[in-house]
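Residue numbering begins at 1 within each chain, and the chains themselves are lettered A, B, C and D in the order written.
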Amino acid sequence: MSILVGRETRLLVQGITGREGEFHARAMQAYGTQIVAGMTPGKGGQRALDGSVPVFDTVAAAVRETGANASCIFVPAGGAPDAVLEAVASGIGTIFCITEGIPALDMVPVVEAVRLAGARLVGPNCPGATSPGRAKVGIIPGSVHREGDVGVVSRSGTLTYEAVQAMTDAGIGQSTCVGIGGDPIIGTTFLDVLRLFADDPETRALVLIGEIGGAAEEEAAAWAAEHLADIPKAAFIAGRTAPEGKRMGHAGAIISGGSGTAASKVAALEAAGFRVAGSPTEIPGLLRAAGYRR
Amino acid sequence: MKIQEADAKGLLLAQGLPVPGWTVARTAGEARSAAESILAAGADRVVIKAQVLVGGRGKAGGVKLAGSADEAEAVASAILGMSIKGITVRKVLVAAAADIVKEFYLSAVLDRAARRILLMGSAEGGVEIEQVAAERPDAIVTVHAHPHLGLADWQARDLAFRMGLGGQLKAAVAIAKGLVRTMHAYDADLVEINPLAIVREPGEGTIVEKLVCLDAKVTLDDSALPRHPELEALRDPDEEDPADALARAAGLTFIRLDGSIGCMVNGAGLAMTTMDLVKRAGGEPANFLDIGGGAKADRVAAAMGLILADPKVKAILVNIFGGITRGDEVARGLIEARAQQVRDVPMVVRIVGTNAAEAAELLRAARFVTAATLDEAAAKAVAAAASPGSGA
Amino acid sequence: MKIQEADAKGLLLAQGLPVPGWTVARTAGEARSAAESILAAGADRVVIKAQVLVGGRGKAGGVKLAGSADEAEAVASAILGMSIKGITVRKVLVAAAADIVKEFYLSAVLDRAARRILLMGSAEGGVEIEQVAAERPDAIVTVHAHPHLGLADWQARDLAFRMGLGGQLKAAVAIAKGLVRTMHAYDADLVEINPLAIVREPGEGTIVEKLVCLDAKVTLDDSALPRHPELEALRDPDEEDPADALARAAGLTFIRLDGSIGCMVNGAGLAMTTMDLVKRAGGEPANFLDIGGGAKADRVAAAMGLILADPKVKAILVNIFGGITRGDEVARGLIEARAQQVRDVPMVVRIVGTNAAEAAELLRAARFVTAATLDEAAAKAVAAAASPGSGA
Amino acid sequence: MSILVGRETRLLVQGITGREGEFHARAMQAYGTQIVAGMTPGKGGQRALDGSVPVFDTVAAAVRETGANASCIFVPAGGAPDAVLEAVASGIGTIFCITEGIPALDMVPVVEAVRLAGARLVGPNCPGATSPGRAKVGIIPGSVHREGDVGVVSRSGTLTYEAVQAMTDAGIGQSTCVGIGGDPIIGTTFLDVLRLFADDPETRALVLIGEIGGAAEEEAAAWAAEHLADIPKAAFIAGRTAPEGKRMGHAGAIISGGSGTAASKVAALEAAGFRVAGSPTEIPGLLRAAGYRR
């Protein structure tokens, strides 16, 4: 098994006819993801990805005609919140929003609508998720992965690739890698992903890649201490040397007045049984030191 | 984006909030004439406040009272040009000194954990809220605006009662709702009034008590600035590092730091990690620089220009994990940038991921120093910075 | 409250919707000069439309085309003064006749059963939607605006595609959202565009197709009028029964009918029931009149004045079930009203509920004809109306 | 038993210090309703109804201090929607909104919030509900009632009193009388009330008092035909002689194009087994004719 994406994923790509949407849809399809539909208003009736994927005007039509059960959104920031709402209202259960630059207040009503509908939104401004050997949704390069049983969850993009590549190079494969996104308002938190991993029988170790700012890593650590005590766990926190009060690109990466510091996160993670790496390359070694065998 | 007090007050006023009048002065003479008008209108004293984007200006001597135009000129003269946390004061706000009965604190902020707008109030205004939060957390009361319905009147009333503002209920409700309205109108992620104060003002033949916003702090969501072009004008060019403006124009995220190793990375998390590893290898990063996803050659060249413009930079570390970004594009940008480089600074390049093989070939042909891992790249860059002339 | 087409178009225009220009004329001369300007600006023909609050003006001959100023004057002259369903036409709207490619229907209406705003669209525009609904229900497509989030873009797009407006997607979305915005801005309970039309217009050196609102119907929520005082001005005094204005001023709900038995009742349901029972007893009600809850003597007197102003009234039935309304207050009002009564009309009074005993005593002392039950009251009133002079 | 209000009702009166609020609160208390709290912002700490009822600034405080579980709202139209939201958010389960003249669009988000919270709103612009001998909430004159087992539901105010008085005069008592209100957007429909009566073992007959306009009576009749087939049922529809297209005071009382006519309602009710009266005074006789024995 795996979480969020897998062989059962029947993916709709919202914004499939855009430059980014098409590029990544192609990469997802090449990886083996079942892309059953594309959607771009006004382009219904066309076919995308060399004719292999039907394009619809509305998500409702795509769902009705193809049984799509997950969606990946590449719609520009101005239309992305609406795209999420359309997916939710049309019965899509798992939605990945890759779009970056969405004003934070636009997402406030959207995440609430997602919650009320009992759907799951990952992102926005996230790289997506990959269940190696099964499916990838989003923009994580497929080449960094290896099939396996370590669950990876991260706030950032390229840093995740770095960490996953290090694992793959060391022969450690992943059950699912999830990038939750670095925006202020996101649909799925570290804790949400840990809960999913806890219920996944094929995930036998965990890697958490956090950043300074906020308290999401601490919250996740506290939960893991109680519910994931028995499996090997490693972590990495970016921004240990970032100066206070400066915003390092990610909205999350700002520290003020001692809260959200790397030190507080490292302490919380270590207290919860995570081995915390000083560099992404140390993660494989720390997993093994924590008892991971594969 | 942070904006200055006077601009923040302007936004609040535009949303109908009660903000006493003010004037912005750039010279002591302007401050003097502003003070003259205010004193002539009946005020006993004026307050003169440094307009800078850093906190703690009161402690730094950037906020003073004056009882006469002469005194106002002298005070303004002392504050203008003063350096507060490294920022030179170029403007002051001049306003009538309020006759304060009691000070409160009220703010609206985007609460990431709860994913909704949080209103935070306290009867202990005029001091730093972080201090109140640390010392007497019970003195802070909060309420979340509903993510779909907004801040209801009853929530604003409830907050006001708990803040001890039951005697100014209508005004407090209007202000609390105004803060949320201000957040939405300008896509602010923070709107803070400290102090929110009950002041005495001359009314119709008598003294009346009024609830007013005596200070204002607003920070704007950078992601939303494209839809508020008028707010871009509030960015203070005096206070901004010229490099920031260049970076913004080129689509880069750049933060100048104190070290000697220039960093160019794609992705914020990886960029922070690169800084961390430079430090771990014994070096000091000269900057945080995220070239973003899908960076093309021209953006790489612009980034290189920004790094080299910093004379402290003694070595450059380029770390690219290609996903959306294509490694060969970055390599071409680097080769081009080096060709135009006036200053000979050693460079260590690591490019992995999408089109890494093509990139490696280009870099090899151009005789760049490369590294396979990030740790290795950091170590090489630190070594290069330590022994000038040893690099590329 | 219903408002006229020209006023409805004004509201839509204020909300940014595409409504081609128009002029309102009160005389044939005004219509002529309006037509001159429009024809001079390049239009082939003008359309002249009677401004009345009743439907079916097209069938009644209230909408005509004219190809010249002379013809426009003649047509306007024919329409002005015309009676449509009993309403005299006092104004016409003059506009350029559109070059219509295709007509659609689009409306936003408060859906009571679903308790949210319903958008209803059809590719069959220009005809009565009730007729389309009856004959080809599949030709009507609908979507509900979310009660908290409003009408999302995707909902508007979905509606547009289903209406066959995919080729005018952006305009259709803007218009659909504009209808909902109009409902909220003015507390309308209906905003109807019929036809919404694709028209040909001269563009930059070529002919362009545009989606525009050619007609507009808006009805306003009476309960919300107090917060839109500017809309009260749209009430057409020409078209309103003077009794309606008097009733509104007195806080009464009054509707004139054709019969001979004046009714004064508290509560709308009971007032309708009273009418029903008058009819059942063989009479015809002269009006519907609800004096509302808690009616005091002065309101009763005003109600009596309204009833007596109708020369058709031959008997009056007063039926009060006291809840909030106190029976003795009503009795006093009746006694006072009768004292000032110029016309001798028999009156049957039934007062039960709160303070009914006190009321009964007052009425008995004043020698009113009373009744114990509503059925008895109706029967007595009908009898009184049939035999003039037999009453009170 | 009874529905909506009863001996277990611990009533909060929102707007208790206003003229209407105080007048009717006094009448409710005199009838025996447990009024545990009043609420008027800014008057917290005072006591109402001759000192017998504490007044609070907020509903939350009233609930916390008194355990109020129902609320009756006499707040003016401008503040009434907010008053409902406050009651809902503070955990009040049953809310009666007596206020008339609330703009319809103001109620749209409110009824949705009530629905999402799983609470019940009756009204606005309704006379309330009385469970004779137990409690009355709202403005229905207590004197019209008699204890019994006939459930009454109505859209209007004084017409309800008329019908109930006729029943009482004929010796037929009521389990609960509910006025649902005549506004365009109301919280509780005829159907909702029928469902409650269907679950109430003490309600052994039904009276429905409707009006022209809308389709709520038809909807309720269809449900009753299926779920309330076995009990005696009578009905009355006001406005049989109302002219088409004229609004008769109640927003509901407008007919256009044949839908919502008295004829269609009478037909639907008769088809569902209701005996439909020509006058409110006929209701008792029709109930007995339908098999009601008491």
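Just so it is clear, a residue touches a chain if its C-beta (ideal position, glycine included) is under 8 Å from a C-beta of that chain, and two chains touch if they have at least 3 such contacts.
Just so it is clear, the structure is predicted and the values come from calculations on it, not from any experiment.
Between the CA-based centres of subunit A and subunit D the separation comes to 50 Å, rounded to the whole angstrom.
In whole angstrom, the spacing between the mean C-alpha positions of subunit C and subunit D is 28.
Note on chain placement: the centre of subunit B and the centre of subunit C lie 55 Å apart, centres being C-alpha means.
In subunit D, 109, 113 are the positions where the chain touches two or more neighbouring chains simultaneously.
Shown for subunit C are the residues in touch with two or more other chains, namely 148-149. Shown here, the protein chains touch in an arrangement that is not a line, ring, star or fully connected set. Pairs of chains in mutual contact: A-B, A-C, B-C, B-D, C-D. If you check the complex, the residues on subunit B that touch subunit A are 110, 112-113, 115-117, 130, 147-148, 183-184, 187, 189, 221, 223-224, 227, 253, 255, 257, 265-273, 275-277, 279-280, 285, 288, 290, 293-294, 321-324, 352-354, 373-375.
Those residues of subunit D whose C-beta lies close enough to touch subunit B in the complex are 41-42, 44, 57-60, 79, 82-83, 85-86, 89, 109, 113. Against subunit B, in their complex, subunit C makes its touches with residues 148-149. Partner subunit B is touched in their complex by these residues of subunit A: 20, 77-78, 100-109, 111-113, 127, 139-141, 143-144, 154-162, 165, 182-185, 209, 211-212, 214-216, 219, 236, 238-243, 246-253, 256-257, 278-281.
Considering their complex, residues 148-149, 152-155, 157-158, 161, 166, 169 of subunit B touch subunit D.
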